[in-house]
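Structures follow.
Next come two complexes built around subunit A: one with subunit B, the other with subunit C.
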Partner chain A sequence: MIGDCMENDVITKLNNLGKKMVEQIKMGESPHFTTILRSRGNTYYNEKEKVLELGDKTEKRTFANVAQARKFMQTLAIASKCKKFVRENLHTSIRGLYYQLKFSLGENLEENLFSEQSESNPLIEDLEVALNVKREDFNLNTDRKGFVAGRMIIEDSFGGEKTRIDCSKQGRSGWSIPSDVDNGMEILDLKADYVLVIEKDAMWQRLNEDKFWRKNNCIIITPKGQASRGTRRLLRKLADMGLPIYVFTDCDAWGWYIYWTIKTGSMNLAYLGKNIAVPEAKFVGVTMQDIKDFEFLSKLTIKTKDVDIKRAKEMLSYPWINQYKEWVNELKTVIRTKRKIEQDALQGQRLTFVGEYLSEKIKNKKFLP
Partner chain B sequence: MTKTDQFNEFKEHSIAEFFKKNKQMLGFSGKVRSLTTIVHEYVTNSLDAAEEARILPDIQIELNEIDKQSGHYKVKAEDNGSGIPEKLIGKALGQMLAGTKFHRYVQQRGQQGIGAAGVTMYAQITTGKPTKVVSGYRGNIIEALVSIDFKTNKPKVDILSREKGDWHGLIIETEVKDVKYDKSSSGVYEYLKRTAIANPHAQITFIDPDGEVHIFPRSVEIIPPKPKPVKPHPLGLNTNDLLDFAHKDNNKTLNQFLSSTFSRVSANKVKELKELLPHINFKKPPRDLEWQEAEDIINAFKKIRWIAPSIEGIHPIGKEQIRTSMLNMLEPDFLAVVERKPKIYRGGVPFIIEVGLAYGGNSGRKTGGQVSSNIMRFGNRAPLLFDAGGGVIVESVKSIDWKRYDVRDFQNSPITILVNISSVHIPYTGAGKQAISSEPEIKEEIRNAIMEVARKLQIYINGVVKEKEKIHRKKAILRYVHQVASDLSYLSNIDAFEIENLLSKMIEEKYDTKKDEERLKNVISNRG
Partner chain C sequence: MIGDCMENDVITKLNNLGKKMVEQIKMGESPHFTTILRSRGNTYYNEKEKVLELGDKTEKRTFANVAQARKFMQTLAIASKCKKFVRENLHTSIRGLYYQLKFSLGENLEENLFSEQSESNPLIEDLEVALNVKREDFNLNTDRKGFVAGRMIIEDSFGGEKTRIDCSKQGRSGWSIPSDVDNGMEILDLKADYVLVIEKDAMWQRLNEDKFWRKNNCIIITPKGQASRGTRRLLRKLADMGLPIYVFTDCDAWGWYIYWTIKTGSMNLAYLGKNIAVPEAKFVGVTMQDIKDFEFLSKLTIKTKDVDIKRAKEMLSYPWINQYKEWVNELKTVIRTKRKIEQDALQGQRLTFVGEYLSEKIKNKKFLP
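Our next item is the complex of A and B:
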């Protein structure tokens, strides 16, 4: 499984990849490597770990096959470029990498090493899986997304400097979660009872204004929609440090998806498995039960869209979801009533109601699993 | 008009008169076809004469357009044969149906058409001009003008000069109207080209109306064996043939005529015939045979068990000759030729099928950048250019499931198929003798022959395609070797040059095409 990786580890792994291939060539073989097949058919739910993982179907990538030669060459170009990034301790995005590798193969060849970024993305994943390394370990950044507020102190080594960041002193904007929270980033101090993940940025700002994190001694994080790799990694780290993770989203297809991605990981990133999933996470709301419990909410529901119903039905078929009768009830209620509700609706009565609602539910442990 | 009427008319008028009225029956229909027929008559005469005289023929055909509007052309044919003696010039060029055809029954090219005299007549009808002849025969060179008296079918010969000289051969010059030269598949050019293919021992030069000289060079130095005359077999005859033979016969009785003219007709067989045809008087002179009687006899022939005819009279082109001339003419990438064993049709007429299949190079027909497959039909070595759709050859070729032989689109492939049917009696469909009727045995035999060469083509196509793909794949991979080596070098800290060399070697070995080349060479050297 892909874990934390020290810089030297990455370089050693890349060196070994190269040496092994040269050996293969010397033996008269085509240079090749093996990667795990990243397909829906090779993705399964690990019941013990409670995360989505890749199965054991592997694929051989080889050079001396005309169908694979170009991709093989491109993969090696990525590997060699990443070795350079790590050695020079410079970071770039996958788009930056793409531009680094977008050059002609030679004067006589009317062919570029890469001609579209969509070519390079899956090859990066190939390398990640083959070497058991995250792309962040290759010094490849993804777009930052997600903000944090709470009593957490971080030391960030970046650009040759070390910076102390106190997440309780970031004002209205909070600390922006970087794409890589593993390399050059250390949590020095953490004073919180739990982590609250809030789907929407606006809602997070509302709770930040109320100093919800201080009053309730927690860390509040918004992924701003679907959680980025960095946010998910941070949640995993915080969970590893013993904090419960509670997730607060809309009661609709998109909200559920955000929750389950945080909890079990996603199909797309199944190759990162438990390193990016937080199976301990619990769903705090909004739920269909809330509509019964808080009368004013019943007037603030919205009619479901087709996608919500379709998604709800899909979720009912997933073993990792339909094992929980609470979720089965929740989803069936949505399908039956064809109503959904946004987290913003909780401000319908009073702006500060959200905070009360959350602390109440968390105190009474009114969660969906 | 019934056939009997037709024949009665044939008797009443002179043959020349008949011809004048029915020229389309004899190949003089359509302007292009008429010109091809004229050239055909001269060329076949030259080829037959050279064969008989054991000379390697050199033939030259020259066309001059005198007036486009009226289709007025001068045709000049020259050969290096033995020439014609003075007393026979009139008969050879000025008397219809006076050829050797009715005296001897050998496999001859001249089975079609009406001979050189027919051309003399055609010239006379269309331009009113006699045909000029120069004949060099055994030291005497005669120059003469030949024409025909239409009423009597007698030749008129005006001797212009008599000289002594070593030159031997024949030069004929004639002017005709109502013809047209073009380079279409039924034109003179194509006719001569195909004649050259079927007669690789001949050198044919063609000077077209634009003055362009086309030479179809001799590719084989062997004169084909002299065909031995054989008497016609009863099963190879049709009513018309029988009447022709009968009316020119000098025997006293039909009885004698039958047993002396045809092979395998013994006294016993005549007796059988008489029993089958009690209404026919076998004692009457053969020249009194009537159409209906002839037809009855032909039908009765089919009911009698005959000893099969001799195959001695059949002379195919020969596998090697076809090979050489197709290679020469088409410069193909692949060629396969097959000569089948003699077979019989209609219960007793022997025939031999030869098929050549050329692929690539100049094979096929090119029209405006597009290539399409081409079928060259021959009957006893004579190209069959007309009535292309109707005959057994085209029918057989089209009945082949070409996809089975990895020819995905036969119609649009660079393929030339040569089919030659040799027989003392080829079952032509019409009087024009340009298509061969679909006898089941002949069709089956042509199909077998084609399938035999098609199987070889399939091996070739597979080899070539695979070969090309392999080279293509190798190139596609080799272009990446430099980049891969440089990245592997950075990853492994091993010298890039060394890696590149090793990697190139590995790819070259993996995509080694030499073995395939060997295999392919074998296929090609086995071709034919």
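Our next item is the complex of A and C:
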């Protein structure tokens, strides 16, 4: 698992990587380093920690291997650039890194390896895993997404300045969650009983307009769909500060995926393990049971798509999900009835109902695990 | 063209729509209203205003027409819901409106007409055009996108409270541009010589970290790709306050499209005409000429895709583009060389170069029209 890393640690780790290779060369060995195998076969659900993690299968990256030589060299060039970024105290994107490498190394770079969209640049992941450092600690920004409102004060040290941001004074916009919520960022004050995560930005705006966070003394966060790395780290930090995390999504394939990614982490970021997962998270809705409990919802369900049924069946096969009879019931109901329901449907009767629904369910602890 | 509309105007306009129909019924006529035809054939480039606009072809919507009756009824139901939203001073999304209608009207609603993604819900557009009101004035939120940093103070009146937001004190995050920048939102203070629009969020973050806006006394805005309605309105407002608008995008199909949409408006929002367009905007880069002017860039170009060439040829056929010889040269160079260049490439040499490049080009007024 990859934790929060201070600037000096990163430089030291990068220096040590280089020094070790110099020694290897002096010893007449091919320079090499070891990383952990990132594959489905080496991804496990850790029952104690309740998160998805990598196992202990390792892989050796070495220069003296025709298949690996070029990528090995590129990885070292990335390490060198990242050391420079951290030293200069400047940030860039994966795309910015790509052009820095292209400038230094010339044309022989696979462009698609360094696309901003690519969630899993394998060379950077190699470094993250081998050195036990997050890419954000290398001053590499990832796509930011997500907004916060509530009584939380952030101190953001950025570009040589400190700014205090009061998330209760951001009007209709909220505070935008950055790529990196660890380095140069501190939560100075937090007055809330829990965190409510709301799948859709439009619904977050609805609840922000109703000042749900003030009336219910909570922090409201929208990941705007699937949660970014920054949002997942922020949720982990808030959980570490003792706040319960409640998640409110659609009752459909995408909504469940968003919840379980927040809770257990995801396959493709399993190497970040428990630093990016919130196993304490609970699911507040929308559920198939709600359709029975709130009569007006029954006319607001919609037909499932193939992807919903396929996903529900997949989820039923995961031991970390099918251990909970509540989730088994929920998923089987969707498969049987072929109906699903969106969080937006809660506005059908009146716009403000969604806040009443949430505070009621949270008060009565009507959660799925 | 559809302007900024106060709450009372909107209610009055909606009331008048209803009253007119009651009169029509009393006169023994079928209730009806007139809207302007929104089609390519009725979309024109207004040479005087330099924006894309609808022409004067109209269409009649009427209840007594088998093909129109159901949609006519839905349109009136939308008008009624929107009046309620404005009266209650509550906002929702298109999806929220969909569920309100579904709750009231039952199952007979075409779900896809009311998708959040659908840029052009034809029934709501009918109302916007017929009443000369933006959907934001109906309290319907559209997808928000885009960030601002610089010396601008906003007063955001929202949910019954006023908040002051200082866009120079938002740290690494910036101020997120909301869906509606007209109603309940005022620019209290603005200290800047110009506005720089930066296609990509990652590049905006780079320039924000360098405090480009402070060093160059400007406002920096990223639309995060194609500009949202809110971002386009904000740019129009800033241009109305006398600030030049400079746009910085990739030199490729998507970058050009972003620029020309900001400048002349777009086909599908032509009904919003000059209220959403900034014909004064100028293009600061990246250009094919830059590759000659900055030698290191020549090794950082990338191969065009079919879409780039196709788009360049299309643009050459538009009279509002091919009137400028600079753009004709630019596009022909791309078609001939089959090379393009991204704004991120400017970081290839060193991360801070992009700021030097921009301030130099802006100082020397090296713009494309």
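Remarks
Here is the rule we use: the second predicted complex is superposed on the first by the 351 of 369 C-alpha atoms of A that agree within 3 Å, B and C clash if a C-alpha of one lies under 4 Å from a C-alpha of the other, contacts with A are read in each partner's own complex, and residues count from 1 in each chain.
One rule holds for everything that comes next: a residue touches a chain if its C-beta (ideal position, glycine included) is under 8 Å from a C-beta of that chain, and two chains touch if they have at least 3 such contacts.
Since the model is a prediction, treat every value here as computed from it, not as a measurement.
With subunit A as the common reference, the superposed partners subunit B and subunit C fit together side by side. Within the superposed three-chain arrangement, the count of touched residues of subunit A is higher for C, of the candidates subunit B and subunit C.
Of the two partner chains placed by the overlay, only subunit C lies in contact with A:H91; subunit B stays clear of it. By the touch criterion defined above, A:D306 reaches neither subunit B nor subunit C. Once chain A of one complex is fitted onto chain A of the other, the partner contacts of A:D344 are limited to subunit C, with no touch recorded for subunit B. Residue contacts after overlaying the shared chain place A:G106 against subunit B and subunit C alike.
Of the two partner chains placed by superposition, only subunit C is touched by A:G159; subunit B is not. Looking at the shared chain after the overlay, A:S80 reaches subunit B, while subunit C stays out of its contact range. Put simply, the nearest alpha carbons of subunit B and subunit C end up 16 Å apart when the two models share chain A.
Shared contact residues of subunit A with subunit B and subunit C: 106, 111. Within the complex formed with subunit A, the residues of subunit B that make contact are 473, 476-477, 479-480, 482-484, 486-494, 499, 502-503, 506-507, 509-511. Residues 14-15, 17-19, 21-22, 25-26, 28-31, 63-64, 66, 69-70, 72-73, 76-77, 79-80, 83-84, 105-106, 109, 111, 113 of subunit A touch subunit B in their complex.
Of all the residues in subunit C, the ones that touch subunit A in their complex are 85, 88, 90-93, 95-96, 98-100, 102-103, 106-107, 111, 116, 141, 143-144, 147, 154, 156, 158-159, 161, 163, 165, 169-179, 200-203, 205-206, 208-211, 296, 299-300, 302, 342, 344-349, 351-352.
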